[in-house]
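To start, the structure itself, in structure tokens.
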Amino acid sequence: MINKKVNSVSQALEGVQDGMTFMLGGFGLCGIPENAIEKLVSLDISELICISNNAGIDDFGLGKLLQNKQIKKMIASYVGENAEFERQMLSGELEVELTPQGTLAEKCRAAQTGIPAFFTPAGYGTEVAEGKETRVFNGKNYVMEEAYQADFAFVKAWKGDEAGNLIFKGTARNFNPLMCGAATITVAEVEELLPIGGLDPNQIHIPGILVDRIFRGNLYEKRIEQLTLKKI
Amino acid sequence: MALDKNGIAKRIAKELQDGCYVNLGIGIPTLVANYVPQGIKVEFQSENGILGMGPFPEKGEEDADLINAGKQTITSLPGASFFDSAMSFGMIRGRHVDLTVLGAMEVSEKGDIANWKIPGKLVKGMGGAMDLVASAENIIVAMMHTNRSGVSKLLDKCSLPLTGLGCVKRIITDLAVIDIIKDGFLLVERAPNVSIEEIQNATKGKLIIQNKVPEMEF
Amino acid sequence: MINKKVNSVSQALEGVQDGMTFMLGGFGLCGIPENAIEKLVSLDISELICISNNAGIDDFGLGKLLQNKQIKKMIASYVGENAEFERQMLSGELEVELTPQGTLAEKCRAAQTGIPAFFTPAGYGTEVAEGKETRVFNGKNYVMEEAYQADFAFVKAWKGDEAGNLIFKGTARNFNPLMCGAATITVAEVEELLPIGGLDPNQIHIPGILVDRIFRGNLYEKRIEQLTLKKI
Amino acid sequence: MALDKNGIAKRIAKELQDGCYVNLGIGIPTLVANYVPQGIKVEFQSENGILGMGPFPEKGEEDADLINAGKQTITSLPGASFFDSAMSFGMIRGRHVDLTVLGAMEVSEKGDIANWKIPGKLVKGMGGAMDLVASAENIIVAMMHTNRSGVSKLLDKCSLPLTGLGCVKRIITDLAVIDIIKDGFLLVERAPNVSIEEIQNATKGKLIIQNKVPEMEF
């Protein structure tokens, strides 16, 4: 097997540069590549374009890159719950491209699987469809959407092996599998890194061919955004 | 008397049919899960990647890797499954999810809905709402009849940027159950002790009143 | 949970009619819905359109429906190793639409996920692209392909639960997951049918929402097409 | 002397680079797996849904649920993974598979390939070949230089229905290694003891000979 293991987050991030486009997995703070983000915050890179369903919160996740003004443009579906984001957006400091969540997911998957464009009903008749080709299939209106192009994808999995195979947990799966192989270089961080052959081949969510570098994350805070408990 | 949020949720729960897969939006729709009628089996999908969503966890049982689309900690029921966002929206676009309940800022008498942006003021983003309203077979809007300033949210035409075009089938508010038909808003039911006149006054779009309008039953 | 269990293959096939379009999972004889096919052969239905990567062999799998002349049109990617198929095709008794394998897979997935059409490079410049729209994205040529429409999908999984959740095994997975929910009615047969909750939610390949009826197959011959052993 | 099928496979194996993901077609290409150079790690993908394909099983270890694209029983190596056909061709279209080796009936000097149909006579179908040739970064054709009647399979123009357009980079036959360049077939290497004249006679398309053409090394 081809071995994808790197020994540190620094090695995993080798090659990141100003102005690059990054994909980052996660939904809210669930399943975000915490270690990669933490490292990116410490690097002297900016003017980034980030594709991620959400933009973190003020002091966690992508919110930290925003605070640092490292992000030039954000491509996301939902950006509520982030005051600094809203400030930068309304002041014009931050470019924002809002995309329906299913379209965002499918545009990642399209990049992963060599589909340059596809049609979706989402956003037809709204400002999302402005300037885009629309077409009727079987009497219903659809919008043509194109695959993303990105330089790095940062994803977070639960378990992985050194061949780059990944298994995700619960709803921390979300966009992570779809971003693997969707950028020029895919960096996966995992909570548990097993030797090659440590995973059941039938249970692998993402085959190692879609991952270029894999490392075990040192620290996972896994912050909960909305702790909601059963009322007694 | 106008319903509270739980009252709206309770009335919406009556729309659930046995064997339905349901996606509940953030806010009032989330409450619907508390009122599933007895004897009926429905499954809740949350678009961040779970089918078979269960109640909120007990204290100490919460799992950061298990949340709903509102980012709340949840549990999974026996028979649940987890999947990625492409599969999740595949279910939605592919019309496998039977019913979507979501909130709105405005609904027009053509069934247009606006719920993601107030230009220059507030931009939350559409999240999964545009996919949901463009795809679901059956879409119910759950909302207050008027906004905090008392202005009607049921309009002849939406003033805010749209989420979807001609997609809403039914609106359930604190005052009424209203269907979108060819000519406008058809008043189907009144909240208990709410008069047709009250509803009329709170509705800016064309309200159609046919025959006697019954009170909601729960 | 919603229960999808039916008690027999007859019940599972209720509603099949002359002239319908069926999707059938499997690659070669690997992972084919043996019990559904066996039953279809015994039913008085014909003029069928079948979408399946292969057409079975003369005396097994879809080959049996062919022998019986129940199939009007076959949509497949590879039909070698089947003499009766070749005879019917060359004589004009059988309509055949040959489709690149990846395109066939993606057209099923498109039907499953509500994507009416997508672009693929496969078949550009060949007779497969004749009459289809082509387009250049980033300097490369692509063909537009549309989602399939089918009445029934027959798939075979390894394990399932009564909620319709499915887990496949090895390379018997192939087209089976992609056909789930891609037709009006999806019928899944499994080797092992567990009660609801019997599967790990993290390991489910296809969620029950994409399956309408599930039953345990009585008989699996699982014939091997090319037994090939290590030379000693 | 012209190579046999194993000889062709052996020469092709020299094209394998460390860290490559490789898809091997049916026939001669399958044999390439037997000759992976020492010290090099490659992974074999089979488009029916496995990455990390291993050798054929021992007697009694065969599993009907574990086959390759040629429908042969196989094994999986530690680190292997199974996946569905959409993911499999996603890997191929998405250019994650680095090298494709496949057979052909005809190859033209423009790099066009035909390998799935002889009108009126034989129709096997394209299987995954059209996806593979339209997508792979690097495509090597493995075939005999002439067909059973001794007619060249390297033509100025394909006579059979095409599988793909201008996609073949290199052809390795029983007689030669040939690259497709702008002007035609560039003769790169000769099989041991095969003369340039023999190759010229067996090639119908334009054969370009630059400098001295070395013999293949293994």
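Letters A, B, C and D mark the chains in the order given here, with residues in each chain numbered from 1 onward.
To be clear about the criterion, a contact is a pair of C-beta atoms (placed from the backbone, for glycine too) under 8 Å apart; a residue touches a chain by one contact, two chains touch by 3 or more.
All values derive from a computational prediction rather than experimental measurement.
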| item | value |
| --- | --- |
| Other chains in touch with both chain A and chain D | C |
| Which of B-C and A-B has more C-beta pairs touching across its chains | A-B |
| Whole-Å gap separating chain B and chain C, where each centre is the average of the chain's CA atoms | 36 |
| Centre distance in Å when chain B and chain D are each reduced to the mean of their C-alpha atoms | 56 |
| Separation of mean Cα positions, chain C and chain A [Å, integer] | 32 |
| Centre distance in Å when chain A and chain B are each reduced to the mean of their C-alpha atoms | 28 |
| Overlap residues in chain C, where contacts from two or more other chains coincide | 106, 109, 114-115, 120-121, 168-170, 202 |
| Touching two or more other chains - residue numbers and ranges from chain D | 50, 76, 82-83, 86, 89, 92-93, 135 |
| Pairwise touch network: line, ring, star, complete, or other | other |
| All chain pairs that touch each other | A-B, A-C, A-D, B-C, C-D |
| Residues of chain C touching chain D in the complex | 27-31, 53, 76-81, 86, 89-90, 96, 98, 100-106, 108-109, 120-128, 141, 158, 168-178, 205, 222-231 |
| Partner chain A, residues of chain C touching it in the complex | 106, 110, 114-121, 135, 137-138, 140, 142, 146, 167-170, 202-203 |
| In the complex, chain D residues that touch chain C | 46-50, 55-59, 62-74, 76, 82-86, 88-89, 92-93, 112, 116-117, 120, 122-131, 134-135, 161-166 |
| List of chain D residues in touch with chain A within their complex | 19, 21, 41-43, 45, 50-52, 76-83, 86-87, 89-97, 135 |
| Chain C to chain B touching residues, read off their complex | 1-3, 109, 111-115, 161-163, 165, 181, 196-197, 199, 201-202, 204, 207-210 |
